[in-house]
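Going by the order they are written in, the chains are A, B, C and D; count residues from 1 in each one.
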Amino acid sequence: MGFRSGRHFVQIPGPTNVPDRVLRAMGQPTIDHRGPEFVELSREIVSGMRPVFGTTGSVFIFPASASGGWEAALVNTLSPGDRVLMFDHGFFASNWQKVAARFDLAVDFLSCDWRRGIDPDLVAATLDGDAGREYKAVMVVHNETSTGVTNRVSAVREAMDRVGHPALLMVDAVSSLGSIDYCHDAWRVDVTIAGSQKGLMVPPGLCFNAVSDKAMAASESAQLQRSYWSWQDMLPSIETGTFPYTPSTNLLFGLQEALTMLHEEGLEHVYARHARHAEATRRAVVAWGLENYCMSPEECSNTVTTVLLPENVDGDALRTVIFERFDMSLGTGLGKLKGKVFRIGHLGDFNDLMLAGTLCGIEMGLQAAGTPHEPGGVTAAMNYLATEAT
Amino acid sequence: MGFRSGRHFVQIPGPTNVPDRVLRAMGQPTIDHRGPEFVELSREIVSGMRPVFGTTGSVFIFPASASGGWEAALVNTLSPGDRVLMFDHGFFASNWQKVAARFDLAVDFLSCDWRRGIDPDLVAATLDGDAGREYKAVMVVHNETSTGVTNRVSAVREAMDRVGHPALLMVDAVSSLGSIDYCHDAWRVDVTIAGSQKGLMVPPGLCFNAVSDKAMAASESAQLQRSYWSWQDMLPSIETGTFPYTPSTNLLFGLQEALTMLHEEGLEHVYARHARHAEATRRAVVAWGLENYCMSPEECSNTVTTVLLPENVDGDALRTVIFERFDMSLGTGLGKLKGKVFRIGHLGDFNDLMLAGTLCGIEMGLQAAGTPHEPGGVTAAMNYLATEAT
Amino acid sequence: MGFRSGRHFVQIPGPTNVPDRVLRAMGQPTIDHRGPEFVELSREIVSGMRPVFGTTGSVFIFPASASGGWEAALVNTLSPGDRVLMFDHGFFASNWQKVAARFDLAVDFLSCDWRRGIDPDLVAATLDGDAGREYKAVMVVHNETSTGVTNRVSAVREAMDRVGHPALLMVDAVSSLGSIDYCHDAWRVDVTIAGSQKGLMVPPGLCFNAVSDKAMAASESAQLQRSYWSWQDMLPSIETGTFPYTPSTNLLFGLQEALTMLHEEGLEHVYARHARHAEATRRAVVAWGLENYCMSPEECSNTVTTVLLPENVDGDALRTVIFERFDMSLGTGLGKLKGKVFRIGHLGDFNDLMLAGTLCGIEMGLQAAGTPHEPGGVTAAMNYLATEAT
Amino acid sequence: MGFRSGRHFVQIPGPTNVPDRVLRAMGQPTIDHRGPEFVELSREIVSGMRPVFGTTGSVFIFPASASGGWEAALVNTLSPGDRVLMFDHGFFASNWQKVAARFDLAVDFLSCDWRRGIDPDLVAATLDGDAGREYKAVMVVHNETSTGVTNRVSAVREAMDRVGHPALLMVDAVSSLGSIDYCHDAWRVDVTIAGSQKGLMVPPGLCFNAVSDKAMAASESAQLQRSYWSWQDMLPSIETGTFPYTPSTNLLFGLQEALTMLHEEGLEHVYARHARHAEATRRAVVAWGLENYCMSPEECSNTVTTVLLPENVDGDALRTVIFERFDMSLGTGLGKLKGKVFRIGHLGDFNDLMLAGTLCGIEMGLQAAGTPHEPGGVTAAMNYLATEAT
């Protein structure tokens, strides 16, 4: 590529821009993870993470990528042959289903419209039909990073309650946590999976399980084999900061600082900021004459916007033009959306002018690549941002 | 102000955004400035600085702010009572004149139009009238950071040559060096003054004097008192890296990295990039229906644009709205321009999308502050940037 | 503890002191792990890791702690009910055995003398007795971090060869890799497990599997369930830098720099340096009248020295005195050695004077804690270091 | 030199080891020095510096090396031809005298024994003999970095008082401030000069003048020319954080953190720590059979020890052996001490084990270089450190 001046715009929907404060915090000298300082670090992180998950319960932190969090949720709660209910509502839902399938689980993977959230009535009807209460778990992705659709987890929970089904509810909140309001306890989620590299603004390498008492109880009889992912082994980490193996100290330094930042800003403000930037982005998309992939306005994601391109336009060719001409990385189309969409990440450590620069890069890229579009997206976004109070 | 998410836009015309690479380089452990590693560091910096100045001669580096560079230029070359010729072509020209006046120099400070470059004919005529060749030095600011006007130093030199005047030519290149092509040797400048915190992309704290043989010779008989600023004491620093007092090691680490970056990009590309961003900025200003303060198209600065506001609009009130609403710092009006203009820095470690974000911040700020303007500045800039090859 | 001036001495046998260069490298902005820069990063790391492992084959990098590397080795190569041979030669061997036991493997865990390396004849005899060739794998720890004993892996391999047993040979090289010469290919090891936080001088959070063709072939029929740890999924990471899930980008930046440093120093020099510091440490221990826990001179570890204390001396009380008085962390006794020993890490980014400071801290700590000992350990070490060429 | 593993020991008496916390603080993005954040930064620094100087008055901070502080002290208070009294008590006293001589001052430079502090009676007698009260200033170096002698400034002040002489008292505290108790107000010092790179633990590039009301009054009539160094121009910096030219923002970030550290530790503890390390060092020197250059026990410096070598031993050759074999930088002999001594810096961010490593490096260096000495220096220091409470 040759030398590129200025700051690269990483507008993929994660890993997100890591704030300088977090990078500097990660630069602290590694400490003994069995010493007294580590105990403090560990406790501060757990208590900082709890409000982000909306829980007062257990939060386990693994030195692993978020995919490990999926695996941890499964192997701690289920036994070989268990039946689970999943929904084909996006690329990551589909990936999680593949993980489940590898662990000898009987996965019912129901077809859904990727352009909308999971229909709670489908959940209710399916579970109602499960007379033998064979489903041990219902698994959904809160914010589908591939489609830009945010599922209403509370509605899924209500559907489960409506039919009185005892299955565990497991939720992937990887690309929503820390950016979109999430209520592990209030929604009675049993396992929430998250990672460090999205709204938490830390480089990749940490994953999380927030765990309900019900899920914890299930782990006592679950027969899937586990060692690295064992919650039981991890239990002391919450109270005493003692991990069963070496934790990822420097990423934890980063997380500590990121949590400080989230709480300095205030979670309410963080969520409002993301909502504001997402709305500005969607207005730009509409003004360009392009289509928001998400067709359900109240379910559009506040962290990522998936933009549907006209037929015959190759999203990856457009992304390449934008990368080469304007030094910005956008998200590619995943799975069946390959080439048909591009994705704009607007989450994490972000502000109005970074968003404005991002949208200008897209508008100029559309022009430079000769993609059919209307100008005016940036103007529409600016009109919104300039008049809508923060 | 409360917590602010994302990256602050520092669009003052310096100090500029320091690249991460430079910040990290500054984080290296301090070394013994009398040891062998320091010699290498020092030599590499001098040889990296020379092409930036356009010289093969002496470049002195002081642990000081750029204002110290003005003082160094004067006290090394002049004697009490010496007459010097300066031009009232901006705030920094005026400040330099005040420094000169403090050192017992007889300063002729000629009125000029701040909205244009110095008229070479005025230089020629004034010097021609100096029958006794009393003027020992002519002093100009290459790029007036207050007005956004870039003087044609080569034309000033030609004017001096035309009338055969032997005065030294001293030039402040603080806000142009490393961003706008500069030719110390070709233009036969005698002393060029620069600082670290503009186009050189290093935090403030270093200043430079590039010095011709003629100026060096003048220093042998110059009678102004000096110790800290003494070029003679500094001479060994160029060959052997031996400074007369402790140099600013960590800022030099930063400078070493910044020079690496400038040379990786290639100085020609650096200058072209700045020209491109400046042109896009001026087009935005025109589209907003505002006025570029610089009235002479070929003398508009490629590093800073001074924007003249309508009467009754307070530039500082506008800047405050932009700072508070959009987290961007713009330059204030200086001296007689206080409140009447604002200034946009578009120099240093910068790219198209950072510029786009900057211009969006201004356009939204104009709207939010209720400043009379046309929309369309950002669109005009985008049209230029999207179609003009880098 | 209150404020402590100066640099803490982290002389546990890992995580080790992370060099400033590595910490700064980790501070680079996170990049798109699906972009072109990441491919380069990934390739450079794989080719830098190969000589450290002594292999030209596959090296897989997981975003996980080293314990995950144990699990990965098992689940990729073995099937439920498989019999494996392990040796009770230290705390980490014992931990690995526990992991194996969780995965439905039939582990034969042979008693050994913790103060010596595994007896190759025991290996040969046991395998020879396995007429049905039921053992699918032999698993040993190269450098037992708990005992300070380095096993002769080549002798284990020879023992296996002697009796012609086809079991896979799996080796934990967590606390030796990058510090003690290791020859994955020459010793025909099938899986070598390592982590980032010891000789590789990177914070914890990455683990490695170096994998022979034979082990790779075994993974095709192995029936243990796996997803996160799947080598097959990881295969593209080696050639194209494409990971099956988000890799730990910033730790990889650190690893890239650490590998650069190891190769700048030269692996031969790295190994010789560790040998030299270990010898100096052992001489200090002897001079103090204390006992090196390792009783087999040719098997003493070059990265960690386990020091046996007199009866009635509590190693942890001594460690506490040293931590509080001299701001140094030493390793605690693990497992059955709890309280009876302390451990000195002398590996990673280390030099003579850091070792000297470490030994002074111990000698002063012995004195301050009233532990029976002879003075003169530091003197003995200095005599060796001052006269033995580096 | 080739690659060197581990941390270089910078045991010159400044620049000192910059703590990681300070280096990271310097890595913060540069801010607008005319914005609101800078005002806060500036105020916090001034109020943090005052107790370090022992003053409630004015502290000026210049973006310059400490030598600039000498010049600032002179040009703000004196007029051409003024007579000043200085003492030849070390290399830096001599350098300061040269600066004074360049500014048209009539310097009386009295011979002293470099191995002891200035004799207060000499001060009194000389000033008493100045019937015309011609001396405008008495200038002394508090802690002579070349000799390792700390002058009793309070005794100098008493001597001046005894004879009722009205001269200003100016003191260079460059290598004592922040390490040795200093009382600008209590000792009625008029100008104290300091720099950032010694006890303040910040890289070089900042210098300080603490200024009494009497000195401030003198600056109103002082006739030496000045601009960069003008206290009058700097006055607003104290109240409003407004500097007359761009301040060295990132070094100020570092200073802010360093002051936080000094106050976290507590100045009393900082001073006691330095005294303890100095005493241990001197005991090592005596045990080696070498001579502390300072012959006056109560005036030995707590920040630097100058060690006199036997005749025929070249200190620089010894330093080279230590640098090459043990990767430690020690201070060279300066001025007339060239080759005859070496200097050990034991100041700044330092602790017992760093000192122990330092002394081991010297003891091993003496052995490796074949310098005649007794062993046992390290042992003597350890005995002191292990038994003397911190």
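The criterion applied here is as follows: contacts are C-beta pairs under 8 Å (C-beta built on N, C-alpha and C of every residue); 3 or more make two chains touch, one makes a residue touch a chain.
It should be emphasised that the depicted structure is a prediction, and the values quoted were computed from it without experimental measurement.
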Centroid-based (C-alpha) most distant chain relative to chain C: B
Pair joined by the larger number of C-beta contacts - B-D, C-D: B-D
Between chain B and chain D, centroid-to-centroid distance (C-alpha), Å: 35
Chain B-chain C separation of Cα centroids, rounded to whole Å: 54
Geometric centre distance via CA averages, chain D-chain C, whole Å: 46
Multi-chain contact sites of chain A, meaning residues that touch two or more partners: 7, 17, 20, 24, 27-29
Chain D to chain C touching residues, read off their complex: 2-7, 9, 17, 20, 27, 261, 264-266, 269-270, 273, 325-328, 349-354, 356-358, 360-361, 363-365, 367-368, 375, 378-379, 382-383, 385-387, 390
Chain D residues within the chain A interface of the complex: 20, 24, 27-29
Partner chain A, residues of chain C touching it in the complex: 1, 7-8, 10, 12, 14-18, 23-24, 26-27, 29-36, 62-68, 71, 98-99, 102-104, 195, 197, 203-205, 224-228, 244-251, 323, 329, 332
